[in-house]
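Presented sequentially are two complexes of chain A, the first with chain B as partner and the second with chain C.
Moving on, here comes the complex of A and B:
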């Protein structure tokens, strides 16, 4: 006998929004996908020689730590279950913490722009020395900072993970389906249809192919969490929950632009128009925008702004605010000993894309 | 001439020793002097009740400090919660960027607050004794011990070693353990409130969040994670600083945008600022609200608006001093004249 489709109500979705759209480790969400990454890490790990390091270098919020923690919990790595990763900041301050890490493979997380460059360098140096001295191995997880030799150069014997599945629509659907199943469907494998809760077009919008390697679960889930928390758009009632592209747009449009000053707002408006005309639905943005390309747009608005000023006063704030997604390798200033965070190339964020397409 | 007329008018109405029309500067003690509409603060209180992490977004120059002090006073009833505040706007991030310093700072504040709670509320003795390492020996009475400890905690503010020696409970347990101990045994929810500066180095912000994450999120065991009511984190922060705070760490905050005050609210604040001067008349009797509404502009800060108001008054009082009125009023006629003059 055919079972009826499971209906998710607004009430249920509101109650479980933090779990379903969780992007931190506050909730134990089911692991899904990443078969290729797991297979490659297993192989790299099996062949890892003393003193060597596996480098997992991907953008923030893409699920690197979740992947490694999952592999630890399933005993796919020779690290005791429930071991907490070390972070460079702690290792930099006290290298003896490395001695307390159990087993032969040390896991170091957050080797990224969140840690001040000086502390990151110190931490990585202490780790490298320790590996040299003891012949132990390591897995280091971080963002593209790890590509910068000025910062991570101390780790000389490194093998880099190549397979890290991009967040495409199938991946996102799989992740969401598992989470709905766990948190709202009592773990029962019902004939639940994700399309009945989230408009297919919204899933497509959230996972554009041109953004494969710049997209993040955090970007997607924070947007969805914010949408479900919007009391104007999602009322607490027993109606069927259904999240749509239009709702996201409405939410973004009511989000005022007060975070930006006038030159930033002008540039943002111009950029939306440019994307809409030249890259409809983002098609063609393959390698992201260079500073030069974006500066040309600025010149059409105001030819008095210099490129350095443009980078500092307009581009960087837009990257900090998440409107532009940086995919460049963070730099390091030897003078100030500080990071040069969020460099080009840039991709438009999901928010920016949704707003641009609406014009 | 009009400057002199303005000073003369202030003498006339008894405001000559004041900075009129500047609004009162926020101070911890005088927080409730300026009343913020309950409907506004209620929204914030509700958000704090419902969510673990709350970011109250206040535009720069629009009263974040006043609001912070106001909510602080509002949340103080100690039978219900333990309020731990950090005013980074006033004191900067110095002393909390280093993880150990930060832990000490938080624990010291927790000790200070809990002892005040013990003095004011009723809690189970054995748990209070444990927190303060009190032993019944017959010579020491609990009441006196409490008073002594209350004095002692103030002396320990910058003395980490002494604090940990004399308050061993706070050395023995982690911050999260203490938080859950207070919840389980005293039914106290710990609320951390942070007032962020308008501007700060990105490195400092990221380090601070890193410390918070390490101390609160990562120290929790599974059992503690099941008790979401144990603590709250509340940030008073500009929208821009919030972007920096929120961009790189995976810590979901519930946002509450604190809308700019209206022109009428600013007028109300002005009246309240100068109503305790022992005057028979209030600002409302001698000063027209239109002076504010005419220059009100959301692109300015409150201070800048009040500077504009001052200029408006000075401009209004231009002319012979014998024509200076007691009541500054932009009546319909005045308004018409003013408009005609500026056409």
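Moving on, here comes the complex of A and C:
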């Protein structure tokens, strides 16, 4: 098909939106970046002793599994190409699955709060026993849960990956450029300029430096997918596609507010105002919000709500729905044997920040 | 919409929804989604403790800021589930109009609510409607591809208010698959295509699919000549593959044998040159012959220096990547059978191609029968001709063995002496399917493979999912319709249950989705069509 070398039309962008802004493994997207992580993993792996485990503990949706699968496919790890990772839930249920994993290094993914704590602990314990018995090694991928010794403590000899490049604007640009090239430009290395499709300010908004370690590709790409799917904002025509900050704001503003209960809506409105006044453009939110700080805001709205109720009915739901990003290490209750989920500190999500910034 | 319970009681959707009790519409939807998810979880044999419930809520309600206490309240309010001794359980004492509602009835009802189109009132007419809707949907997708200036159908489709295409790259299997599929709709088109504009549209659809199927063929002189590329279906492929070639051969032969009827329906508006199709089919068969392993089986591809004396792929061969597999071996048998029945060899007087195809069929069949796996019900086929049933997921076994069992028609006609054997294989499989379905029906199975890059197979593993109901159901019904195998009451029950599940899965737009996704998928739609058509034929025979 004959296509302009540079101009991307709305029609083309709409057609390829799931592929360009993919955040799961439904589409084969090109790998980009993470050179430091790769170098460190290679080094850790080369020096890994029998029974030891490399821990990759980063937030959900940041590309950990993609990185390891990429390294397996490029033969940077001594894991047979195309081997499917095991998950703690399965290992917990049947430790014999470990025997079927080929090679000396076992890859375990999804060691995160998406797995019930009991099953996660069981799975990790079975893995630890197996490593002790066989002298094999492992790479365990999960979220900040793995920082919790109650969860991952069974793995006695752990080495933790330190380098995991944050999603800054250069990283995002590189990822997007590769994807545009693959899905819309026939893989040809043209003079394609990302700025001709996405307003530079939008890229900056999506990658604030204060959010470096809390940001996720999932968050960014789900927002961009939603924008391109908005038929009012992006018309199906042959005009040049151009995504802007204002468009995202318009989309978020026209989103129905039906997804929140009244107390949640009131709190969000108050929080937006608070962010705008105290942390314009997010400046200064370096450590995120504590529960105490947020509860103080709630007290200004309604002093009858207790802190437990506030955490259960407002904070947790906002964290699950993505308006707040929980960056704390999930706790583990020894009484209930369950996670204490989505703990503080919290950061405002990209959506919340964009809305707060326009007040 | 009425839902029939196990004891024959009929309740309608409205009275069912009222039982959910929530007054707010948004809450009603959340409550419903939670009940569906909990039913699926419990039905899959998972224990739903309080933390699993929290994860289920997080995974299910992604667009609403729902607190866990509220989620619990909504579920408890419905009365269908209660929390007791650390687990969520179905309330077996739940009654509707004084009648106890068993979990199985509740499951049928709640899972059946997912799409408006399907109801449990699935008489023959509604099955026919379901089948026709799938053809209409396919036509719509092809028209969209024509309007978008694509050179075929893409691999991915999107379902919104109306469906649309994802991406701008063409899939080398979706395009011929659509051609084959629409060739099966002849009698429906005869009935519905009346106006000149309808005839022109249909002709444009067939012309487009034919032209772009042919465009996937490798015309370079040499080893790959005549094979068909999978293109976007397997982006890493740098050679034609067995699956893409078989599907294309079947599509071209299907079109060739239906051409007169289709031209009659469209007033000869389809642009199709016989000589081009004939030449393409012959070249395709020559490619297939080159791809056959000395032992008779097929894998996704065979490199020129791979086998027997080649050493390029020794390591991959040791790892089992380059070995023959059940899916490629069986699909070739079907493709050779369709080629023989197309009339092409007679038209061009290349009668020796009957022998060539028959030889491929004979050797492939022998390879299949030499590589069965023993299970308590008899002999079946495991993925990549494995031997130990316990090493495989039952969904994978069902689709693997089901696919092999659907390829026996050409063998049935070619080798009469093998008929008792074929009847035994298909009966064994029917019994196996029935037994697995007793534990849990509606499994999803996968076919995993790698595609041929320039010199080695891809690093990327392709993982194609299918509904075992469709694949196994068709295989068993075909055996009943064509080979006359006897089916037990239990096996009929399995077929009926599978048919209900398949109907439930159809989207109001007419398509079926790729398993575990909301993406319309042509291959799954075709599989559902085949199963439902075979079901209707069986009912007439019955």
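The rule is short, and it goes like this: the second predicted complex is superposed on the first by the 354 of 359 C-alpha atoms of A that agree within 3 Å, B and C clash if a C-alpha of one lies under 4 Å from a C-alpha of the other, contacts with A are read in each partner's own complex, and residues count from 1 in each chain.
In this section, a contact is a pair of C-beta atoms (placed from the backbone, for glycine too) under 8 Å apart; a residue touches a chain by one contact, two chains touch by 3 or more.
Nothing here was measured: the structure is a model prediction, and the numbers come from that model.
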item	value
Partners on chain A (chain B, chain C) - clash or fit	clash
Which of chain B and chain C A:183 touches, first, second, both or neither	second
Residue contacts on chain A - larger count, chain B or chain C	C
Which of chain B and chain C A:61 touches, first, second, both or neither	first
Partner chain(s) touched by A:348 [first = chain B, second = chain C, both, neither]	neither
Partner chain(s) touched by A:16 [first = chain B, second = chain C, both, neither]	second
Which superposed partner A:80 touches (first chain B, second chain C, both, neither)	second
Contacts of A:142 with chain B and chain C, given as first, second, both or neither	neither
Touched partner set for A:313, first chain B, second chain C, both or neither	second
Touching partner for A:225 - first (chain B), second (chain C), both, neither	first
Contacts of A:328 with chain B and chain C, given as first, second, both or neither	neither
Chain B and chain C contact sites that coincide on chain A, given as residue numbers	18, 26, 84, 113-116, 229, 258-259, 317, 320-321, 338-339, 341
Touching residues (chain side chain B, partner chain A) in the complex	59, 202-203, 206-207, 209-210, 214, 217-218, 225, 239-240, 243-244, 247-252, 254
Residue ranges of chain C touching chain A (in the complex, touch as defined)	26, 49-52, 54-55, 58-59, 62-70, 148-151, 156, 158, 160, 164-169, 235-236, 319, 391, 450, 459-461, 517, 519
Chain C-touching residues of chain A, taken from the complex the two chains share	1, 11-12, 14-16, 18-19, 26-28, 72-74, 80-82, 84, 100, 113-118, 183-184, 229, 258-261, 264, 312-314, 316-318, 320-321, 323, 336, 338-339, 341
Parts of chain A lying in touch with chain B, wherever the complex brings them together	18, 23-26, 60-61, 84, 87, 89, 110, 112-116, 218, 222, 225, 229, 258-259, 317, 320-322, 338-339, 341
